[in-house]
Amino acid sequence: MKRKMSVFCLVFLMAVAIIGPDLTWAEDPKEIKIGATIALSGRFKGIVGTFKTLGNEWAGLINERGGIYVKEYGKKLPIKFEIYDDASKPENARKYYEKMATDPSISFFMGPFSSFISNAATTVAGKHKIPMQMVCANDAVLFEKPNYWRVGVLVPAEDEWERLVPIYKKKGGVKTFATITMDTLHNKGAIKGFEEDLKKNGFEVVYSVVAPPPTKNFAPMIIKLRKAKPDVVCIEALSPAFTIGFLKQMREAGYKPKEIIVGHVTKHVIDALGPYAENITGLAYYYDGDTQDHKDFLEILRRSGFTWGEYMESGIRFWAYTRIKQAIEKAGTLDRKKIMDTLWNMKTKIMGLDSFVTPEGYGALGAWPCQVQGGKFVSIWPLDKAVKLHNYR
Amino acid sequence: MNRIILGIVLLFLLIFPVFNLPYLNTFLIILFMYILLAESYDILGGYTGYINMGHIAFFGIGAYTFGLLWNTGLSLYLSFLAGTLAAVVFAILISFPLFRLQGAYFSLAAFALVKLMEHLTLNLSSITHGSDGLKVLEGNRMIPMYYLSLLLVVAVVVVSFLITRSRFGLAMASVREEEEIAFDFGVPVQRIKTTAMVISASFAGLMGSFYTWYTIFINPSMVFGTEMALMPIAMAMLGGSGVIIGPVIGAVFLLIVEETLWTRFAYLHTAAYGLVILLVGLFMPGGLVRLRPVRRFLIRVGLFKEL
Amino acid sequence: MLVVQELSKTFGGLTALSGIDFQVEQGSITGIIGPNGAGKTTMFNLISGTFLPTSGSIRFKGRDITRIKSDKVCRIGMSRTYQNARPFEALSVLQNVLIGISYGRKDRPNIKRAESEAMDILRFLDLERHAPVLADQLSPLNKKRLELARALGTQPELLLLDEIAAGLIPSETLEMMEVIKQIRSRGTTILMIEHIMKAVMDLSDRVIVLNYGVKIAEGKPQEVSSNPKVIEAYLGEEVEEKGEETP
Amino acid sequence: MEIAIQLVIAGILQGGLYALAAFGLSLIFGVSNVLNLAHGEFLMLGGLFCFLIFSATGLNPFLIGLMILPFAFFLGYIFDRFLMRPLAGKKEHIRLMSSILVTLGAALCIGDVTSFLAGAEEKGVDYSMPSFFWGDLYISYLRLLAMVMIAGLTVGIHYYLKKTYTGRALRATTQNIRGAMLVGVDTSRIRSVTFGIGSMLASIAGVFYVVLLSISPDMGLTVTIKYLCIIVLGGLGSLIGSLVGGVILGLTESIVSYYNPHWGQTAAFLILVLILLIRPKGLFGK
């Protein structure tokens, strides 16, 4: 009896093993499916949690226009996102990309948020040969080893702050800088590039400090800062808690620099600081313009219910979506290899700017200066022609 | 009966990769990881009663040692060995001061050690690369990963089983029940506790090494994170601390709940997950396996082995 | 067999025992009596190595064990029971006894032999059918028996019994006395603290009386019971409020 | 020299803030022997309600803090009544385990529901009081207020424990639960009251958090761990211990951070481990 049962089980399992892989059958695709994971919980939720809506709204907008034209099938196909929550953990991202990789109807991956989670995700893309457009991931760690199946959209982290230097070079009036950096992958790279840039342009960095993410007591750093007396204080931290804490304590200490730069300034930072936030300079992945892309972007933001200043990373999302759309249209097929070839070689314009991929896999889009004016985030680019111009505090 | 069930489960797991279901494969690998962490936690926490909230420190130390050594070109097996050894050495070092503490003091001091390790790995960036994290060679090794993690889980369950059958296991349980009296009856309490911690640490260290191998990239908050530290403990307690099958059931139950919730609901899954943990703590203080029907079933199939 | 000299113990500023001397002969039963708080249990803790004495010495089988901790003392051949039965509650009766056998002796029998020995002891104490039961499900009498079984598992040459009859009804006490006599007849020396006078007087070869940490009398049971100091100590206790004895 | 003074001031004031929240946790542990992993969530909720009312009305945040005290008390009370009381009769080891599970589950649950309802973003209240400047030295009035408050609370609770019936019952319960029960103290009500008080203290700390720093729904576990470390440092259940522990931690962080911000945090945990090695029951533990 017992033996019979185990033999039966064994046979059954063998049967499943043999038949299992052949159970998939192909048919003409009815839609273009894009797979992605986003941190809908965990520590990155506050930064990217709303981008699920953004993606769906973008797909909605494109679908209202009939979808994306695919030459191979001679018709426009609607677009659809399949999004999982990676809970800000790489092992989850990897698990869900593996899950999506088994779904033949998914022809495209969007990367997750942040470099180290993307790292886990790109291995899945590479293994299953599925094109992946990375989003918020531009740290060197990701590009050390060649991987054909992933491309970025952003310039390297080191170059993100490059558009700020011309402001001070042009306007003058400030000479010395201090940088306060939260100890994370992306932040340190950005500040390193910025400091090199400053030195090249004749500015002086008088105080530079890297502090661990959970830091709450900034008083010792501010004591040093007050001694160094910089004209400009730069704070680069992925976590708003760090930025808010530092600025509130600097205010308590009565130190008033001529200019404050905040790398990741969002609506919640502005709200928490109130009038003190006025004229804080920052960076966003958006600048004012009047291309069709600009209109589309503002439209999906309107539908999602927030502005580009509230979630500064939203611009990157839009670029990534647009590049996916352009690549599919250009390739004229849903064949994964051909889409990937197109992604590498495609030179297009997004929001009127050149977008291409470097041989390492970086993108070509960076961040633009903007400033808090009248309690709102406004774009101050280009420097001389912008609607709003840059102010010192 | 129990042998047949175990045999079938094992056989199924053994031939599983043949089905070529990468998602379930990765799910199982993570499941195995948590089973191992919960089960190895329970060797100390369940049998000697010292709730070691710092268990994940061994995991992290294994992970970093493996990554650093493997990157220098050491062979894979030696790196695994080194990761395990590092955790064991750490366990021996901390066991003497730590076991002078009792109850909640022990748990929290152990937890402080995890945070200390997190900060140390963050600060000693010349060695550990700090917040940049540590990256190791990547490669397509899903199948070996699967089998290795399966092997480790089987190993830890077998070791737990052997412990419950041995004098050593008895001594551990006596330490849990009445430490002073155990000492009066000649049980070398300190040695028992240290040995238990070393066994528990060696598995966690090995799993840490495996984790680095698996995720390719680690950073301090990934391996020493608060949630990472608490989950295996919650799993063990939820399943039933001090019963071999307890942590296994706890880990399987919690991960399946998590997975179902997370793939079905975009929001509030963590809340539901928390609610499950809360309810189990409230209504099943001994864990799932000590629930009467579950317990009766497990005893019938001979899988309820308690110490 | 056991020689205690000038034994003193202070906790902070409090003197629990001072200058105690006595001897226990091989094969005898010695009773220790005294009112609550007299320092009886403290003395047990000193002898068995749970506490270290402030001064004085303890010799057991000709060997100085003053500074030896309880785990080694147990392996040398001394074992004890506790005032409030404290078995390992979540372990079975059999496992409780196995711990004594496996760790409390110099020879470390393998698990098979240990089990058969444990069953012998349980049979002797009429606990055999309770072997697989968890210790905390036993009746008070059986818990006391289990304590005794666990101690016997270590094959002690000297057995310290701390109020083994406390909390038992008279018929159970008689039963217990019978068991103790049998243990002695197997050649085990016994040192016991007892509250129930009749039990002490019937069993003991010698009796030691403690009061406020000092030995006030020693001798044969009949001699002691007529000692005026002892009578005074016990009469004094009647008016005193009863409290927990210092452990 | 000036720098040294400034560092000490900053450290003590930061320590006062730590002590405020640690105080409640210590009280709870002292009475009900529960490691409350959800304490940080009470803190977060206090800060969150302050933020929400502030956004709606623009009142002084500390006034709002006083207004929400009864709610905080109620929250703590029902938390204990429904989640902790069922565990009270269990054995020590089991109780420690189930309290970890229940409070961990509650922490995850509260955090996630909050982030769903109120958004996961950081929230801060814009409220500032000018600092007191004296040459190069400065003292933040807000932090001074926190320090005064914690000192006042320490004295206040000390007298409360000594003079009032509830206080005495509470102290009796801390020292000996069975004894307190024997003399007729309703220990389970006392426990619930303690939880209420602990939750009130946490919510005051939350108000300071939202004013001085910022709060977010996922901060709970992180701050709980820090406060647990503080009360272990001072000795579980000792009120003065939590105050001293907080100040020691604040001072260490402050002074070490001046030389290297990275080692400030590390030093705090190092000190905790070292103190436990010297005194296994904390500085003021019994």
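Think of it as A, B, C and D in the order they're written, each chain with its own count starting at 1.
Keep this in mind: a contact is a pair of C-beta atoms (placed from the backbone, for glycine too) under 8 Å apart; a residue touches a chain by one contact, two chains touch by 3 or more.
Predicted model, so just to flag it, every value in this text is computed and none were measured.
*Asks:* Return the chains shared as contacts by chain B and chain D, ordered by label.
*Replies:* Intersection of chain B and chain D contact lists gives A.
*Asks:* Which chain lies the greatest distance away from chain D when centres are computed from Cα atoms alone?
*Replies:* Of all the other chains, the one whose centre lies farthest from chain D is C.
*Asks:* Determine the chain that sits nearest the middle of the structure, using the mean of its CA atoms as its centre.
*Replies:* Central chain is B.
*Asks:* Between chain A and chain D, what is the separation of their C-alpha centroids in Å?
*Replies:* Averaging C-alpha atoms per chain gives centres 37 Å apart.
*Asks:* Report the inter-chain centroid distance for chain A and chain C in whole angstrom, where each centroid is the mean of the CA atoms.
*Replies:* Chain centres of chain A and chain C, defined by C-alpha means, are spaced 74 Å apart.
*Asks:* Taking each chain's centre as its mean C-alpha position, how far apart are chain B and chain C in Å?
*Replies:* For chain B versus chain C, the centre distance works out to 42 Å.
*Asks:* Quick one: which residues in chain A touch 2 or more of the other chains?
*Replies:* Where chain A meets two or more other chains at a single residue, that happens at 41, 183, 212.
*Asks:* Could you check chain D for residues that touch two or more other chains and list them?
*Replies:* 112, 222, 262, 265
*Asks:* Report the topology of the inter-chain touch graph, choosing from line, ring, star, complete and other.
*Replies:* Drawn as a graph, the chains match no named shape, so other.
*Asks:* Which chains touch, pair by pair?
*Replies:* Those chain pairs satisfying the definition are A-B, A-D, B-C, B-D.
*Asks:* Quick one: which bits of chain B touch chain A in the complex? Just the residue numbers, please.
*Replies:* Touching chain A from chain B are residues 4, 7-8, 11-12, 15, 18-23, 25-27, 30, 119, 122-123, 130-133, 135, 138, 140, 142, 214-217, 219, 221-222, 262-263, 266-267, 269-270.
*Asks:* Considering only the defined contacts, which chain B positions touch chain D in the complex?
*Replies:* 49, 51, 97, 100-105, 107-109, 111-113, 115-116, 119-120, 122-123, 176, 226-227, 230, 233-234, 237-238, 241, 267-271, 273-282, 285-286
*Asks:* What does chain D use to touch chain A in their complex?
*Replies:* 3, 6-7, 10-11, 14, 112, 115, 119-126, 128, 131, 133, 136, 138, 140, 142-143, 212-214, 216, 218-219, 222, 250, 253-255, 257-258, 261-262, 264-265
*Asks:* Where on chain A is chain D touching in the complex?
*Replies:* 41-43, 45-46, 49, 183, 209-212, 214-217, 219-221, 223-224, 226, 239-241, 244-245, 248-249, 251-254, 266-269, 271-276
*Asks:* Looking at the complex, which residues from chain C come into contact with chain B?
*Replies:* So the residues of chain C touching chain B come out as 48-50, 69-72, 74-75, 79-80, 82, 86, 88-91, 95, 98-100, 102-105, 108, 111, 114, 150, 154.
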